[in-house]
Amino acid sequence: MAATTLAQAVRDHVDDGATVFVGGFGHCVPFASGHEIIRQGKRNLTLTRTGADILIDQLIAGGCVARLIVGYVGNPGIGLAHAFRRALEAGSLTLEEWTNFTLTLRFHAGRIGVPFLPTRALRAGDMPKHIADLATLTCPYTGALLTAVPGLCPDVALVHAQRADEDGNVQLWGIDGDTCEGALASRRIIATVEEIVPAERVRRSPELTVLPAHRVTALCVVPGGAHPSYVHGYYTRDDARFAEYDRLSRRPDDLDAFLAAHVHGVADREAYLGKLPISDLSWPVHHGPGGRQ
Amino acid sequence: MAATTLAQAVRDHVDDGATVFVGGFGHCVPFASGHEIIRQGKRNLTLTRTGADILIDQLIAGGCVARLIVGYVGNPGIGLAHAFRRALEAGSLTLEEWTNFTLTLRFHAGRIGVPFLPTRALRAGDMPKHIADLATLTCPYTGALLTAVPGLCPDVALVHAQRADEDGNVQLWGIDGDTCEGALASRRIIATVEEIVPAERVRRSPELTVLPAHRVTALCVVPGGAHPSYVHGYYTRDDARFAEYDRLSRRPDDLDAFLAAHVHGVADREAYLGKLPISDLSWPVHHGPGGRQ
Amino acid sequence: MTADIESRNLALAASLELSDDETCFVGIGLPSLAAMLAKRTHAPRAHLIFESGAIGADPRVPPLSTGSPCIAENAAMLGDCLDVFGELQAGRIDLGLLSAAQVDRFGNLNSTVIGDYEAPRLRLVGSGGAHDIASLANRFVILMPHEPRRLVPKVDFVTSPGHLLVGDERAAAGLRGGPSALITGRGRFSFRCGEMALVEVFAPFSVDEALEGLTWPVPVDEAVMRRSGFAPAAIDAYARLERLPAGTG
Amino acid sequence: MTADIESRNLALAASLELSDDETCFVGIGLPSLAAMLAKRTHAPRAHLIFESGAIGADPRVPPLSTGSPCIAENAAMLGDCLDVFGELQAGRIDLGLLSAAQVDRFGNLNSTVIGDYEAPRLRLVGSGGAHDIASLANRFVILMPHEPRRLVPKVDFVTSPGHLLVGDERAAAGLRGGPSALITGRGRFSFRCGEMALVEVFAPFSVDEALEGLTWPVPVDEAVMRRSGFAPAAIDAYARLERLPAGTG
């Protein structure tokens, strides 16, 4: 598999109306890919992931999103996702709401190729009532009443990771969350990475490989592609940007201005990073080897 | 959790009649733990794992086993498991036979706490007919006919791994197979490791940790505990011993003599290793760092 | 000043709910602070588990997100969501620590919506893992500042099931545990027949202050305890943690 | 000598069943050898997957076990059984390569028992992953030495479903694919309406020799092909591999 540009990968593999899994559980959030989707004006997307943070909010503000399948949408540790909240209160967004566990199970079912999985969650409270056609079933061995969650196979996944080899074997370490489960459930995967390393290096640490080459549809080298989230071992979380986003996203005009400057107003991630204050350019900071030694 | 001796761990946690998961998919087969079980004369055990190799055969020859729940029993790449074959042909062993995938799913169900999981396997051929009370069900979303495999939670798991910290966080890399799935499905875990390392070292490479401290019941330092199988990064597979076992296990007398010399005739693993020909003592051979660098 | 005392009481009292060697599924915010306090005082061998997949976590600073660097960097194991929710579903999590926008007298939690679900007055973040923790942990503890508009007879939406309604509705649904305590900055409530009852007040607050503004008759234990304070070492640990900026550190 | 030629024919012909860029679930023995040959010749970018969890494997020597060091050491990814069988169940494995103790005219495989299951004449190793691969790979290829007692009208036990009986029994069970070819050292058989038919013979063997000892009337393709040999580079690769001792290397 030949590496490509992110612009090309998004053009080729993210269709209007597609269901898009957005990787990154706080860690390795694929901001570069999401911004490219906004820039290219993709429309009517269904976005899915368990805990959705401000990248999802930006995609909503960017006009790309018709529907969410999520377990949480917010600005973690800070507050609400304001574009999401406004869209929902205005009725311009369809929401299919799960819990982080049960949505993980939907991806898991997709990944291992079964149409549903049973769970002991979603048995009580108001959440099950608001999921259309949610099925229950009886365990044929114990008689226990369980909830069945349907498998979910997104059309395409966006994943950012530390590194890959040229064949497309992607290595990710640090927090995973639902990233690999969701990506491996998806039909196609667009992987952005901080760097390409020789195949020998990947094959010396095969336990760090999370997406095998045969599953990766497009591989793009995009250093800094997860900012303002972080990449374990490369650069840390830019917490100030998340706090700033809470302020600027409260007013639609300010949010539009942010997107105009930092998304539409830049050609690519390199240009995006060039516009950041110097203090945010704390990457790359390699955190040292870790590993087996 | 304080480290203990393997003899003590087996005395405390392997009861006669227990269901015992035997870790090690070719790699890190817990020979030391298995031999200790034979030495202590445990009886009426049910052993379970997907692909069972000569350690299981030795436990059968040692008179410990009443029942197997397995996907395969043999001497991989060489031939049959002769004590197994004899016991089965003599009717002195109960066999519950699955496939490697569906038995992995039984452990997976146990690990994630559901009483069954659906699968598209075991739908045809003669295998499903010989599994008592195997249930089928219909997917409530697609109408697809699936097989339901019941969850399996062994009483105790035997796992050998490279290393752990003193808290009991166990790190394993290289081939896993069904080892972690089966161990984490089990109520208790006896972990033997090549070495104890400082907690800081484990916490520098948390992606290598496979059994968290809260799941490990007993931790024992047993260098060479996987011989004649191997430990990735420490010592290689002693293929000649597997070939030799094929010869000696064809006759019950020879097999008894082997157990008398190498199991009953030694006090522990150190004594076992002391009796090996020098050429087999190729460990420890660290294979170098690997890891993230 | 009163707010400071209440915050400290809440964190310190909640930390006492976690015993040493227990496994604890931890949420962000007050739950993280309480769990970190417990690790630094009476429960150094507690196993902190975050929904991002971190097991045996020991963050140096209060995390902003379950996926934050400080959670990853010092963890004993980094699995994934399925690993940790699997442990939860299998009944291997002793304690969940949860907060929410609203809690009701039966310990039901709302983090989804204020107003009607279909026509929200204020749309909140949603369950995340809260519903799962509340359903599947062997017990859970609710951490809630003493804000009467958030302590209500009935939540607008049951995101995370507490005792549902008085009775055995929870058990009928096959759920474990349920809330064992609700901690505010003024007191500790336990649940009797599924309904919260005041069992302890924290100095300097009285029973009346612990119930101030609550709009239904909350039962008070006959032998309600009065906690005069917390261990000095725990107070020190709180002061050190509280000085740290939340975030990556 | 004839045995050597048959072994070489079998390995080289079977290797041709795997195309470049395909994903291939590989068993131990003849299947490993064929897959390794393919990687060394016409299919360098094929993705070899072993049930032990190794993905993108590229063993230096023929492995004795799917868990052997040579499989781990050069793999692109080491997952677990669930990862690789999950890929299989999800329909993402193009080709399975399988051998067995017995195969029948419908491509059903037996690796469980000779004689009756309850009163075995010879008890064999059991399915391992073979049943799963045969059920769930998009297609599979059977590698079998030309030993007439192992090529039978009906296997004693269907461990791994082939075409079952002629008809749509396989599809009715919701299974994918099925056997696309059976390779011996003397010829290649494809399956028509579920029944094996000779479509190619390998030099120096004739059609009669390819069917020698088979106890039922095996259909022969009208345009049966006669392969005079294999590519010299492939023959060299086979010679190099065949010289290596199987095992850890």
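A few comments on the model shown:
Every chain is named by a letter (A, B, C and D) in the order it is written, and numbering of its residues begins at 1.
Following the convention adopted for this analysis, a contact is a pair of C-beta atoms (placed from the backbone, for glycine too) under 8 Å apart; a residue touches a chain by one contact, two chains touch by 3 or more.
Nothing here was measured: the structure is a model prediction, and the numbers come from that model.
Chains making contact with chain C as well as with chain D: A, B. Seen from the C-alpha centroid of chain C, the farthest chain centroid is that of D. If you average the Cα atoms of chain B and of chain D, the two centres end up 28 Å apart. Averaging Cα coordinates per chain places chain A and chain B 37 Å apart. The geometric centre of chain A is 40 Å away from that of chain D, both derived from CA atoms.
Across the assembly, chain A contributes residues 113-114, 119-120, 144, 146, 173-174, 207 that each touch 2 or more other chains. Each of the following residues of chain C touches two or more other chains: 54, 72-73, 78, 82, 85, 88-89, 136. Contact topology of the protein chains: irregular, matching none of line, ring, star or complete.
Looking at which chains touch one another, you get A-B, A-C, A-D, B-C, B-D. Residues of chain D touching chain A in their complex: 21, 23, 45, 47, 54-56, 58, 72-78, 82, 85-92, 136. Across the interface of their complex, chain D is touched by residues 24-27, 50-51, 53, 70-74, 76-78, 80-81, 84-85, 88-89, 97-102, 104-105, 108, 119-127, 130, 144-146, 173-181, 230, 232, 236-237, 239, 242, 287 of chain B.
Residue ranges of chain A in contact with chain D, taken from their complex: 110-114, 165, 167, 169, 184, 199, 202-203, 206-207, 209-210, 212-215. Within the complex formed with chain A, the residues of chain B that make contact are 113-120, 133, 135-137, 139-142, 144, 146, 148, 150, 162, 173-174, 204-205, 207-208, 233, 288-293.
By the touch criterion stated above, chain C contacts chain A in their complex at residues 28-29, 51-54, 63-69, 71-73, 78-82, 85, 88-89, 108, 112, 117, 120, 122-132, 134-136, 157-161, 164, 169-170, 173-175, 246-248.
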